[in-house]
Amino acid sequence: MVRVAVTGASGLVGECLIRLLLGHPDVEVTYLGSHSSAGRDIADVLPSLKGELSLGCKLPEHDDIAAAADAAILAHKSAESLKLTPRLLEAGVKVIDIGGEFRLKDPALYQQWYGQKHTALDVLGEAVYGLPEYYRDEIRAARLVANPGCYPTAVILSLAPLLAAGLILPRGISVSCASGLTGAGRTSGVLFIDGNENMRAYALAGHKHWPEMEQELAALTGEAVRLTFVPHIVPINRGILSTIFAQPSGAPNQDTLRGALLDKYADEPFVRVRDWGGEVCMANVRGTNYCDVSVDYIEATGAVIVMSAIDNMLKGACTQAIQNLNLMFGLDETAGIGGVRGS
Amino acid sequence: MVRVAVTGASGLVGECLIRLLLGHPDVEVTYLGSHSSAGRDIADVLPSLKGELSLGCKLPEHDDIAAAADAAILAHKSAESLKLTPRLLEAGVKVIDIGGEFRLKDPALYQQWYGQKHTALDVLGEAVYGLPEYYRDEIRAARLVANPGCYPTAVILSLAPLLAAGLILPRGISVSCASGLTGAGRTSGVLFIDGNENMRAYALAGHKHWPEMEQELAALTGEAVRLTFVPHIVPINRGILSTIFAQPSGAPNQDTLRGALLDKYADEPFVRVRDWGGEVCMANVRGTNYCDVSVDYIEATGAVIVMSAIDNMLKGACTQAIQNLNLMFGLDETAGIGGVRGS
Amino acid sequence: MVRVAVTGASGLVGECLIRLLLGHPDVEVTYLGSHSSAGRDIADVLPSLKGELSLGCKLPEHDDIAAAADAAILAHKSAESLKLTPRLLEAGVKVIDIGGEFRLKDPALYQQWYGQKHTALDVLGEAVYGLPEYYRDEIRAARLVANPGCYPTAVILSLAPLLAAGLILPRGISVSCASGLTGAGRTSGVLFIDGNENMRAYALAGHKHWPEMEQELAALTGEAVRLTFVPHIVPINRGILSTIFAQPSGAPNQDTLRGALLDKYADEPFVRVRDWGGEVCMANVRGTNYCDVSVDYIEATGAVIVMSAIDNMLKGACTQAIQNLNLMFGLDETAGIGGVRGS
Amino acid sequence: MVRVAVTGASGLVGECLIRLLLGHPDVEVTYLGSHSSAGRDIADVLPSLKGELSLGCKLPEHDDIAAAADAAILAHKSAESLKLTPRLLEAGVKVIDIGGEFRLKDPALYQQWYGQKHTALDVLGEAVYGLPEYYRDEIRAARLVANPGCYPTAVILSLAPLLAAGLILPRGISVSCASGLTGAGRTSGVLFIDGNENMRAYALAGHKHWPEMEQELAALTGEAVRLTFVPHIVPINRGILSTIFAQPSGAPNQDTLRGALLDKYADEPFVRVRDWGGEVCMANVRGTNYCDVSVDYIEATGAVIVMSAIDNMLKGACTQAIQNLNLMFGLDETAGIGGVRGS
């Protein structure tokens, strides 16, 4: 049994993670860290957990975590990971950071987008971007995994094979994403009466997931990629849908384009290539670790429409973290994740 | 491995069942029956199953089922179960009927409420009402289990201990239930624009779950129970919330009343006694097999408020069926069900 | 033109009121009071009003209001009405209080339920309960109207005629109400992710609308009325649905019961008697000042089911306030309210 | 009083239109046509209208309509307008067609996108595209107005001023729109359980609103415009949000771009230019005839993001039709529409 600590335990991601880990056959939850709930039993903080788990929350300290756990999944929003991570690694605890602290390779870029200086430069360099479809071997060998952002997961998985195959241009890409409201978490949550029967865009001038997408797409395809990104919120609990407009490179056809996705994902357990964009929807991936992707060549306008969908709480956060955990500890990659069991 | 057949495979309950059974460690789905989808692969019919299961749907025939499966879970709405069930039992297949064909003991009552003559009288008598909290031993020994209705599951589990302890009167009970719209299934489904931002009551003059509740409450408590039942639909996918007004018998207090629930459910894996009615809600049970229950004695009016919540697709149908399956085959009662893993 | 001041202008009720008053042919909005938005233009505070109204918000002072307005509609939640109201009346401004400060006749009951001493006893006695269907003449003559609570509006309008006709017993009445989340306002609002796909009860031990219902039902029927009241929240913006279980008095039949509603409301412009409870729903009254009511006698159990529906923001607050304003100023009672125009 | 006939009276658009016309001070509803409800009173067909209007529905015949009405608003989905319209015009009835029969100027294009031959060529040429912001004078003089599609209304109003000013390129425009589910009407409606908690794209290969957008944008700007259009459905009753990616022409800046919108719409009663895209949302326009628009120049990528929002049932259909009716009959353009009264 891998002993796992979860910090940010009483947050939305923490709750989801704990629920999933309780069903993982090879994992035991042995430590819960939380600032807001330190001193309280998790079942009192999260009523859904009553009868499932009784474990006190503590102020997260690296010594306590190292004494209790083999791995720590950090789900705070704050930069506390910057302080904890080097100490946990030193103490022999493997770390999966669900926050964004170790995703951007360039500390200057981190400072620009996250509004603070990166103070864990010693370990930043060894962080592996936790997208198993592209970095499986690196994740297996890693001590520190930066779990991808929700929007980047959906966007990179759908675009990368087409860019890598040279079928679409790496510039002039327009990305429109819609997210359910669990994406905002609880502390910066939207009121029901404001979110219900409403849809709006936000962060048009720049969202911190944007440099993450450009960094990874460039790394995966070997050339600079420029995209415009507009995120939206929709009155849904869970789900991300990406609608991406790209320009073809050369003279593609539907088979070539779709073939690039099929080739890349033929053996992937958690990516499904759909027949066309209308089959990619939030409902088909809700409660699962799947990323559904599609590509459509629109003859009339010569445009390429790439779509993808994930459950932002699962493939966009929690089950992807478990997928990474499984790889880091030599477990079955799909253990504790389920296929479509969840909803 | 227990080999399981599912009929009504492409319906809402069928889809949910299949998804759950795929994650069950001791079960294999070996047969899918469906009238509307016969001849098609289930992954083409239900897009969420792509990558999970490839299996052709067939017109349900008892011979085929018996050749392929040890157990059949019948999830049609129609009365086809009346025809299939005796033949399946004869062929040695254990049956769990999710429809209502074997719940009412009295064939006349069945005819009155289901609008057709009961034609499987030979086996009706041996059907066990599949509420494990009350009939665990009988279910273990049964060939045929009548899986309870969703409303009855929520109402019986909360009321029965209080009635059995003589703490509330068996008459003058008023039951107001609200259900998510998966309860209506797909064929008689409500349009989004009619269901969204709306709530209404239905079947005031009588719902077929009403005699089921009265039958079982009488059986469990030893005296006739009379209740008035008003079901409602609310703009939610999954969940049932019951708000029950009862009159105290004698001079109860909060501790006595709550004690009756605690005593009964102390060792039950899937019933949780909440502190008060405001803690019983659809969100806390969504994606789980839990039934959350509470009782509040309102001093000002001398009324007793009993509340309960379930996920109508899970404890109200699919995971309760799996709980029954586990009991019938000697498996761990909680196998393949998960605790709070699901959502 | 009646010059109207609105306080609590930037709250949910304030915004709704302003939008409605802008469409009223005989009314001009001349003053906006708001603590949180004082010094700002209302169109900057409430984006929906851009292009409709440009008017600065002020800290509410009785002198300023009296200089600008003939009537003040008070839509704060706080007890500031207790201070403002006597001064406004003295200055010749008619007052409609949408908060609950002047609904309960008994100051001790007010203190018990609202948690503070009533400090406007001089004028409390003259406050008229603003339910036009029962107090039309008194409202016409009033300087001070206490606009009814949302739940009481729905419950009183449906129950009173049956109680007054002696057709149901005044005790043992069980009231289950569900409200959309605008009912909670903005400051104590529920997060989308907590309210969506969820339903729960609250305030089981006592809601401040409960003594209001009992007071008015007793006043209208001449005898003490005892009811048990359980409010719920449902994932809907607007609407209240009441499901009421009562016991018949004597031997009623469906015609007698329904006749009592029809007799009372034959000439009322804003109450509609529906054929049965399934026709009473939130959608049919959304965007309107209607209260839809029904009564069903359930032969099998001998119970009487009374139902009603309103838009909690309109008949439950804003359009009922305008109906009262119209009566107080001798305008057409339906002016500025519309029938079903709104949605 | 202008006497108005509504056909398609019992559909979703018909119901909304009737509700609005009942509140119009200068209009009387004198005729209701409906195939599905002929012979029934509208208040029996549409429960929300009880107490508002009692009028029988008839099979739509041009003679009957001409005898009863000065204007006919056609809200069928079918091509029956092709038959009725010439006869109504001949009989002196002015026609507003809410279907798409008279929007495309080119009959061949009509046949391609609507799947049938245009059989009212005599009058097609005189049809005026009913977008008052661009064709106000022509509408005043028209006998026949083609009420714009919902998506085209939102897209044209936001894009046209920027294209006309030469600030964005007329090619490479990517349009992502999301619509509430009233957009699908009732006959092709989506089930609650399929639409709720879900979002998907549809009609990627071509939606019939696409040639309408290109036709009108070309007409308004004097050059061919090419755009790629992806519509989506979101779990909302009402609203359209457009997110449009365009490329700047020359070296624009935020002020130049926004200035083009402000110049065009300075005096328009129903278009509001918002400060940035995050202020354009469905909630701010729900229940109104407003189209909110914005433009954002994204320095980092050099992209131009144009956004717009309307209530698809109002500015996208019913209140825009009333705006056209007002113009055609010399009434106040805003009569019967209200500002933000509606929700």
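Order of writing sets the labels: A, B, C and D. Residues in every chain begin at 1.
Heads up, the rule we're going with is that a residue touches a chain if its C-beta (ideal position, glycine included) is under 8 Å from a C-beta of that chain, and two chains touch if they have at least 3 such contacts.
Note that the structure is predicted; figures quoted are calculated from it, not measured.
Once subunit C is excluded from the assembly, the chains that remain, linked only through touching, form one piece.
Just one of C-D, A-D or A-C has an interface built like that of A-B, with over half of its contact pairs in common by residue number: C-D. Chain pairs B-D and B-C differ in how many C-beta pairs are in contact, and the one with more is B-C. One inter-chain figure worth recording: subunit B and subunit C are separated by 39 Å, centre to centre, where each centre is the mean of the chain's CA atoms. Distance from the subunit C centre to the subunit D centre is 36 Å, each centre being the mean of its Cα atoms. Inter-chain centre distance (subunit B to subunit D, centres taken as mean C-alpha positions): 46 Å. Residues of subunit D in contact with two or more other chains: 194, 197, 235-237, 283.
If each chain is drawn as a node and touching chains are joined, the picture has every node linked to every other. Contact residues of subunit D toward subunit A in the complex are 172, 174, 176, 178, 180, 194, 197-206, 226-228, 230, 232, 234-239, 241, 243, 245, 247, 276-278, 280-283, 286, 296, 298, 300-301, 303, 305, 307. For subunit D in complex with subunit B, the residues that touch the partner chain are 12, 181-182, 184, 186, 189-197, 235-237. The residues of subunit C lying in touch with subunit D in their complex are 19-20, 22-23, 47-52, 197, 269, 272, 274, 279, 283-285, 287-288, 290, 338-343.
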